[in-house]
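Next up: the structures, one after another.
Two complexes, one shared chain (chain A), two partners (chain B, chain C).
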Partner chain A sequence: MAPGTLSGLLQKGAIWGFIVLELIFFSVAGEFLSLSDKAFMDLDNMLLLLKQSAPIGIIAMGMTIVMINGNIDLSVGATFALAAIVLLDSMTWPIFAGLGDGVIPVAMALALLTGIVLGAINGFIVWKTGVDAFIVTLGAMLGYRGLVFMYNGEQPTSHLNWTLVDLAEAQPLGLHVATWALLIVTVLAWLVMTRTVHGRNAYAIGDNREAAVNAGIRVGPHMMLNFMGIGFLAALSAVVFYSESGSVNPNDGELYELWVITAVVLGGTKLTGGAGSVISTLGGVIAIQLLRKGLGHIGADTETVNLVIGLILIAVLFLDRQLNIKGKEALKA
Partner chain B sequence: MSETTDTGGTRAQGAREGRMSGLSKEKIGGILARQGILVAFVLFMVGFALANQRFIAPDNVLGVIRSSAILGVMALGVTFVVISGNLDLSVGSMMSFSTIVVLDLHDQIGPALAIPAMFGLTLLIGAVIGFLVGYLRLNSLIVTLGMLSAIHGLTLTWSGGQNMDIADKEGTWFSVFGQGSVLGIPVPILIFAGLAVVLGLILAKTPFGRKVYAVGGNGVAATFSGVRRARVVFMCYLASSFCVATAGLIQASRSLGSQNTVGQGMELEVLAAVILGGASLLGGSGTIFKTVIGVLILGFIKNGLLLVGLQFYVQYTVTWVIIILAVWLDIAAKRGRLWSPIA
Partner chain C sequence: MTLRKTFAATTAAAALVCAGAAGAETMRIGITQNNVGVDSYQTTYEKAFIAAAEANPDVEVVVLDAGGDVARQIAQMEDLIQQEVDAIIIWPTNGEAVIPAVRKASQADIPVIVTNSNIAEAGFDFVASFSGPDNITQGSRSAEIMCDRFKALGIENEARVVQISGQPGYTTAIERAKGFEDRLPEVCPNVTLVETQPGDWNREKSQQVMEAFLVKYDDIDGVYAGDDNMGVGALNAAKAAGRAGDITFVGATNFAVGYEAMAAGEYWGSIYQSPVDDAEAALQTAIDVLNDEDVPFLNYFDTPKITQDNMGEFTKPVF
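Up next is the complex of A and B:
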């Protein structure tokens, strides 16, 4: 076996191994510690877990692509909130009054368009000004949040459309609509990153931008497209979530960027770009949700979850570096 | 339309005259680029002062600086970390921790012991981060992201999720750090100014300060020159956590009670102030003085917009525009062209 194969395998499979470990641990510990007599691996419980993973998970797919591309997006939480407001508010606009339930696809389209536009603004600024994506999207995180507040002040925006709620609560083929959205997005993101020229170029740009430019790849449009993609997915996440809840506070989505990045990094995507996998990100998303649910199941307080997730993130970073240390030194020399 | 042409003409003429007197257009451009943030600050202050007389009234100015002090103190420490080429996203969460801890210990062991105990615990956390980033060389963004979450958990565990309040709010001298004043100047401002002077001197005038720039500017070269990179980074995080503890002290003393999430989101505001001051996220550039300007700009924008009758959240969007413009113009001046060369 060539050196590095084992560590490569370990890295790719690590997140799934971790999930299995979590399942075993919480099932066993749950037998002794849980107050409820339901098993942890109950089917309903697992289905619910997938559904609850969806809002973070959908955005995490976009973040994976942006990070493979060598950028980062800190504005997704604010984009999420603004898209949610557009979704709920546009259903009450007088010009759509004659549409009846036909307003639903229109409102969804408007919300998704909002996400795409906000993403495009970020991408365009990164492309044309050459300012680091971290700074651009850090600014946008504040700027877009300001727009959210300007829309409706500090009031929550609420509108319940029962047709929409029924739609969101449906369970075609046993899975929730939100879960379907997450799975479809994952498959599409995987196809884009592994089967298209755009995906290949995204890896190339993230790995070595100079080389990509020399190879004739137009870096700017690719980056902008990826930012539009994550904006779209942040909006899609809002559509999935708020169709059911029907009310959005101006603070909603705060710290989402941090949860999303945590999930992506747990999945093994490099902050420096050029490496990472959409499927592993799905693993990262599920692992975090499992941890939250599992700790709740064995009666740990919610505060413990923050502590554990933080420590695991650092531990993963440490292990990852230990596994990589040989390969990296070989490259540097 | 004609007005624009006039200005353009005047500017061209001015540049021609400038060149004749030995001051080339490039030189003026260079000065503008280097001190651009200061120029923008002055223009901004004059503009708002003309719009509203109250803006530059002494009590308003003192009020703005006082309310910027907590953010400012934290930004001083983060400046060290950023110059050394790293990030610190954990300062907001750490500030909540310091505030909660000092308030809780205040009633248990008295303020005289609570303050050093809180500083010790916060420095301990800073040392852990410094160890992870400095000695283990882990990516600072992810480490401090993880610590953001972990410290938040620690804070909640400490407080049991409850708000923390001092029992006897009237009878404690503890309130002096946040509410007292000396010769008419509020104590938070004195702490902010004092710390800025000390840290500014350390960064600009001591060998350690030069090592911080060296490590951030070119870590490999610094290592080969005999600078112990790990130790410098470690010390930067210690400095950052010391500043956070000081900020927590001011916060706790000002309100004498606190929620668990008092510092939430401040890490990004602090970073915005540091970047606005012109420190590069790549490390190796930035000064304490510029960070103070960055903090004051954010504070005065907030205040100015409120005084002209806009809602507090308008400042978010204004800050967005200002940050991007500031950084953009900064790097545009360095590369000599406005638009990026990215194809």
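Up next is the complex of A and C:
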């Protein structure tokens, strides 16, 4: 066995091992502490878990790619809210009045387009100015949120379309629509990152941008494409979620960027770029939702949930450093 | 957690005792609250709710908090439906976004009781009852308090008012603002409402909003805040600018800080609303619904006016 193989395996499997631990803990604790007669591992409850993971999970796939790239996107929560507003509001626009329920795909397309455009703006600025993505998207986070408030002031933007709600509540082949969206996005992101030139380039750029440039990779357009991707996914997440709720508060999606980044980091993606896996991110997303759900199941309050997730995040990063031999060498040097 | 177990055990014991006499069955009621940590009203509400449930041997409660996040609240609704509770009490984070989730509960034959701030009309078909304050009436009562004060001061024909509203998108905030904005021109047609800005139910935010108002306007005679927490924030800003004496402060949901400021003569009036009454009314409404009793659809509890003149009739709020 080559040196580092074991630690590599441990690293990749850690998040799934953690999920199994959570499942066992909540199943046992639930027997004593929960008022519910149903087991925590009830099939319906696990299906709900996947469904409830979708809003954060879909965005997290885009964030994984952007972070492997060595960038970050803090504007996803604001993009999410703005896309949601476009989705719900466009259904009431007079120009689409003749379409009936045919307006639904049009509204969805407009919302997704909004996400792509916002992402493109981020990517273009990062590409052309060379300013760090953290700063650019921090500005975008504030700016896009400003747009959200300009759109409808302090009021929520609402449009309840029951056809759309029924569509979103459907369960083809037993899985919720939101779950399908999450799984399809995960598979596509995995294919892109492991089977395409674009994916390999993403790792190369994140690992060593200079070397990537010297190798002839067009770094700027590559990054812009990834930002458009995460913009699209933030909008897709909004489409999936708001189809089922029909009203968006102007402060919806606040802190989503932090939950998404937490999930991605829990899944083992490096903040410095160059390493990470889409599948492990899915694990990170599920682990967080499982904690929220499980702690609720045994009767802990929201503050406790946040505290526990924070502690676990720090513990994971510490473990990761211990397991990562390369990291240790870097520290000694 | 041990408390919960003991509580469950006592409940079980009590249920056994009752079983012979009345055949009482334990009701399992789930509640998903808006945002418990955000202010003392919601914190006191949760405490009062749990206390009321513990005092009733026929009731077991699952207490959840959405932390202000719509997505989390919808997930909690789904969880409660999945756990097959007997009734769900919801304090909506968004009066419209939760409607489909409420419909799901009603389709699963679980009665839903909305507490504190109502959901939008599109969802009324899926709700058993609303228990809470009448926020429109509260807003109009605040307008009346403000107008009466202006008349007493003799400035009802020239007064200029600013409004600091609650958290955007929140039904309580919208309804109180609407009640105030509709009633004020009726009782005091010559008073101008110059500007409205959100204070997010937050004292610091409200203080900043008021600081900006004070810079922008040289003449402010009245401030209406969506609750006392924000009202006191505005008062602090005015005191720092040395202009508090010229301004009539009226709030809603009388908080202890507001009550104290009224006692000190700095704050004029508010609406007396007890979170304990609110929580107990919600639980009682749920129990009545489960017992098939006749419950009005809009089950309001009274929230009277309180000003420096009549504050002696009220005890200081505990929150």
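One rule holds for everything that comes next: the second predicted complex is superposed on the first by the 325 of 333 C-alpha atoms of A that agree within 3 Å, B and C clash if a C-alpha of one lies under 4 Å from a C-alpha of the other, contacts with A are read in each partner's own complex, and residues count from 1 in each chain.
The rule is simple: contacts are C-beta pairs under 8 Å (C-beta built on N, C-alpha and C of every residue); 3 or more make two chains touch, one makes a residue touch a chain.
All of these numbers come straight from a predicted model, not from anything done at the bench.
In the superposition on chain A, contact is made by A:317 with chain B only, not with chain C. Looking at the shared chain after the overlay, A:138 reaches chain B, while chain C stays out of its contact range. In the superposed model, A:44 lies in contact with chain C only, and not with chain B. In the superposed model, A:303 lies in contact with both chain B and chain C. Residue contacts after overlaying the shared chain place A:125 against chain B, while chain C stays out of touching range. Once the two complexes are overlaid on chain A, the chain A residues touched by chain B in the first and by chain C in the second are 149, 153, 301-303, 306.
Interface residues of chain A, counted against chain C in their complex, comprise 32-38, 42, 44-45, 48, 51-52, 55, 149, 153-156, 158, 160, 165, 168-169, 241-242, 244-252, 292-293, 296-299, 301-303, 306. Residues of chain B touching chain A in their complex: 132, 136-139, 141-143, 145-157, 161, 264-265, 268, 271-272, 275, 281, 311, 313-321, 323-324, 327-328, 331-332, 335, 339-343.
On the chain A side of its complex with chain B, the touching residues are 74, 125, 127-132, 134-136, 138-147, 149-150, 153, 213, 218-220, 223, 254-255, 258, 261-262, 265, 271, 301-314, 317-318, 321.
Interface of chain C with chain A (complex): residues 1, 4-5, 8, 28, 36-37, 60-67, 70-72, 74-76, 78-79, 82-85, 93-101, 103-104, 120, 122, 165, 167-170, 173-174, 198.
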